[in-house]
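In what follows, structures are represented as structure tokens.
In the two complexes that follow, chain A is the common piece, with chain B as its partner first and chain C second.
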Partner chain A sequence: MPKITLDGKTLEVPAGTTVLEAAQAAGVYIPRYCYHPALSVSGNCRMCLVEVEKSPKLLTACSTQCAEGMVVSTASDKVKAARRDVLEFLLINHPLDCPICDQAGECGLQDYYMEYSRAQSRFSQEDKVLRQKRRALGPHLMLDNERCILCTRCVRFCSEVTKTAELEVMERADHSFIDLKAGKSLDNDYSLNIADLCPVGAWTSRDFRFKARVWFLKKAPTVCLGCATGCLAEAHHNEGEVFRLMPRPNAETNTWLCDRGRMTYKALRAGDRLTKGFIKNGLIDLEPALREAATRIDEAKGAAAVLGSPWLSVEDNAALALLAAAMKTEHFCFDFKFETGIKDGILINKDPSPNAAGAALVKAGKGGLGMEEFRARLNSGAIKLVVAEARAAALLKEELKASGARLIAFATNRADIPAGAYATLPYASYFEVPGTFINYQGLKRAVEPAVAAPEGVKPLWEVLNKLAAYSGASLRLDSAADAMKGMA
Partner chain B sequence: MAFVTEEFKAKAEKLCAKYPRRDAALIPLLQELQKESGYVAEEAMDELARFLGLPYSRVKAVVTFYTMFNREPAGKYHLQVCRNISCHMAGAPGLLALLREKLGIAEGETTKDGQFTLSAVECLGACGAAPVMQVNEEYFERLDEAKLDALLEDLRHGRLRARGL
Partner chain C sequence: MISVKKVNNRPLNLLERIYLPEIARGLAVTMRHFFVNLFNPKGIPTVQYPEQTRPLPGNANLRTRHRLKLRADGSPKCVACFMCQTACPAYCIHIEAAEYAENSVEKYPAVFDIDLARCVMCGMCVEACPEDAIAMDTREIPGGALTRAEMLMNKEGLLRNLPGEPSTLGASNRLANDYLEGKK
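The block that comes next holds the complex of A and B.
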């Protein structure tokens, strides 16, 4: 455990810790471009230079390991001058097109210039080496080589994380640039992380660019519901609209977020978003739709069934269990078993649903049939009507079709509704209401609402509450958490 | 495989065996490919990448980094003018301008008759004799316009030989 002195403070750090890591742990921020905690150390940007006593030259904090007795200064005049000079170098060929650059607000060059430099450049605008301006590289990304400072984070991400190694620095010196094979597209499943990684405006997300100014965005902690991995994420939103999903790095599951997961927020504003009920093929207001659904449920009596869903929160599954109790049916099921595990060695799970474990929790508390038994009863004709969330119902679409049982489905988007559903009721997405999800590792994760649901769209527990009321029962639910009463 | 032939592979395996890691043979193998066809073609990079188990981008990055690798067939004489600091200060820009004018081509181009290709290259390691130009494998040092004219005259007659310094 070497002891070092950093800006006058004595620190004891584990052997092998770099100066940058030690400083970070002590709350001292050292500016950096090429360093990234999840990537290998490259040491090329020179932004993290610090002064170490007895060393004739400044050293890069990212690649220098702490040694016993080291005396480090991160704020000496020499260091400050070095930062100014490094920035001047990095900006030599930078086009300074900030007014038309969408990185503004989260640009390393802008931020560090204001923080560490504010110096006039000695290189004239006319001498700049021009490079290729924006071009789309792959389905999600735009590359502007002229803004690039060649930190190689993107290159290292592709070779170390996705192991696809598409990117490299081509050519040399002032005419070098990032590129991939001519005609190829950068379409690995994690490409959008590159837009996050890029400290400047070289890589930008085609989905996000020019949609919002980042300083207006508010951040709501959420969980990616794209699969059972349940990555922690952050929804960036403003004025009732979600603009992007970013990872919330954590030790348990994720540093990154996959492209498909990032795009899940698109369903919120998709053209097929349901804001009204749907009976057979016609749109209908929520109240008459609820009344119609309740009538059908009452008609079916004991032959009505309730199916939980691994796409719903624990609370909403519990509310479904309460509905089953109110309907006095024995046909209800919260049993979903998928093969789990990381499919690609990075993040994507074999289980496509975010909450099979949460449904299992409800099964443990409220009982219910096993999936095989539920299937068998559906096949035998004992079940004449099924109340279910759309994607869970889709798991049984063959059985539903064969048995002719009526399906009362809950969906956020039309695309989710299985063919032949009798009635569909809209409910609020988990970007709009809170909920708890349990990922494949058994970690309980809370989703917090980022935006309000479209007018007239209610959280699922509230839809269920009303549905029960129309058939003369009461679930006594005033919030999502109410559904959890009596459950461990 | 058009470039990495069975014959080439046999040679390459021997080269690879000289290094602790296979991919360390990348540069000598690229030189070998260039020797055979005068340049390193796109498909050659692809084939070599597969042969060495390297990503294509890595091979391409190395080829584009070193100015000694030609990515297109060069003319009979490849005039490579050093553009780095010593040569630059000793008159390389003027030399390049003269060549552009005399040959009627820009850097990276080849004359229509296929005789000359002009390139500006990185340091040739002969700073003491700047400005320097490499023609194919030969060095021509301490160049000025008179020497350049004489050299071009020689080359036009098919004589490539280094003159005394």
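The block that comes next holds the complex of A and C.
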């Protein structure tokens, strides 16, 4: 355990800790471009230079390991001058693109310039070396070589995290630039992380391109519902519209976020959002649709069934269980078993649903049939009508078709409506209402709403409450949490 | 030093206290104006705003209605950087950005609306603009509209060059200059 002195403070750090990590732990921020906690140390940007006593030159904090008795200074005049000079070098050929650059507002060059330099440029516009401007690389990314500072974070991400190694630094020295290796295309499942990693505006997202300026965006903590991994994410939104999903790095689950997960927000504004009920093939207002669905449920009496869903929150599953109790039916099922585990060694789970564990929790609290038993009863014709969320109903597509049971489904988007559904009722997406999800590791993930639901669209528990009221029962739900009463 | 003016509040004399002679004197002034204007309407100093306006003094340095400047090829100088919208204290600017497929400037405003009913004519948008694309020198004073919709200016209404523009120096943006160079 070497002891070091950092800006006059004595720290004891584990052996092998770098000066940058030690400073970070002590709350001293050292500026950096090429260093990233999840990638290997490269030490090429020279932004993290610090002064170490008895060392003839400044050392890079990211690649210098703490040694016994080291005396480090991170704010001496020499260090400040070095930071200013490094920034001047980095900015020599940097274009004045800030007005048209999506990175503006969260750009490492802008931030550090304001913090550490504020020097006038000594290079005229005409003297700048020009490089290739924007070009689309892969389905999600845009590359502008002129803005690049060659920190190689993107190159290291592709070779170390995705292990696909699509990118490389071409040429040498002053001529270097980032490019695709011959014969490769940048279409791995995690490519959008490169846009986050890039400290400048060289890599930007094609999806987010020119949609909004980052300083207008507000952040809401959410969870990616793309699969059972349950990555913590952040929805960036403004004026009722979600613009992008970003990862919230955490030790338990994720540092990154996969491309498919990032695109899940698109369903919110897909243009096929359900805001009204859907009976067979016609749109109808929510109230008559509810009345119609309730009439069909009353008709089926004991032959009506309720199916939970691993795509719904724990609260909404519990509300479905309450509906089953109000319908006085024995046919209800919250049993979903998928093979879980990380499919690709990074994030993507074998289980495509975000809350199979949450549905299991409801099963533990409220009982219900096993999936096999439910299938068997559906096949035997004991079930005449099924109330289910659209994607869960799709799991029983064949049985439903074969038995001819009526399906009353809940869906957010028209594309989700299962073929042959008798009635479909809209509910609010989990970007719009709160909910709890349990990921494959058994960790509880709370989703907080980022935006308001479209007019007339209610959370699922509220839809169920009304549905029960129309068939003469009451679930007594005033909030999502009410459904959890009586459950551990 | 505050200057103090002493007002002589003398008591009213008899004629004033009778009241009627003063009323008659006041009516005489009104009638004089009425008949002078009736027989000499050209002498009326009133301007029938907003149908009529008076020309602004030639050397007046005023913030008047906004305009968006154009490049030599007729494209807007604006690159939709949202600086004016960010700086605007009245939230009267609404921009939607779009991308040029070919033009090396890359970004342009597909929508650029200014709600003059909200605008406080502070000129912060002009100060904030890094491209010298917005100006408040049309010498038109907005107002006098009957509906809110008339006060809403869109991009087409805002785009206008003054005589002598675009200046031979061209846009401040290097990408724009490259693009215009390529078109020659």
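The rule we apply is simple: the second predicted complex is superposed on the first by the 484 of 488 C-alpha atoms of A that agree within 3 Å, B and C clash if a C-alpha of one lies under 4 Å from a C-alpha of the other, contacts with A are read in each partner's own complex, and residues count from 1 in each chain.
Throughout what follows, a contact is a pair of C-beta atoms (placed from the backbone, for glycine too) under 8 Å apart; a residue touches a chain by one contact, two chains touch by 3 or more.
Predicted model, so just to flag it, every value in this text is computed and none were measured.
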| item | value |
| --- | --- |
| Chain A as common anchor, with chain B and chain C clashing or fitting | fit |
| Touching partner for A:Ile100 - first (chain B), second (chain C), both, neither | second |
| Partner chain(s) touched by A:Ala67 [first = chain B, second = chain C, both, neither] | neither |
| Degrees between the directions from chain A toward chain B and toward chain C, using C-alpha centres, nearest 10 | 90 |
| First (chain B), second (chain C), both or neither touched by A:Ala15 | neither |
| First (chain B), second (chain C), both or neither touched by A:Ser159 | first |
| Touched partner set for A:Arg172, first chain B, second chain C, both or neither | first |
| First (chain B), second (chain C), both or neither touched by A:Lys181 | first |
| Three-chain overlay, closest Cα atoms of chain B and chain C, distance in Å | 22 |
| Contact residues of chain A, present in both the chain B and the chain C interface | none |
| Touch list for chain A against partner chain C, complex | 95-100, 104, 125, 133-134, 209-211, 213, 215-216 |
| Touch list for chain A against partner chain B, complex | 159, 164-173, 176, 179-182 |
| Chain A partner contacts - residues on chain C that touch it in the complex | 79-83, 86, 97-99, 104-107, 130-131, 173-175 |
| Complex interface listing, chain B residues touching chain A | 42, 55-58, 60-61, 64-66, 122 |
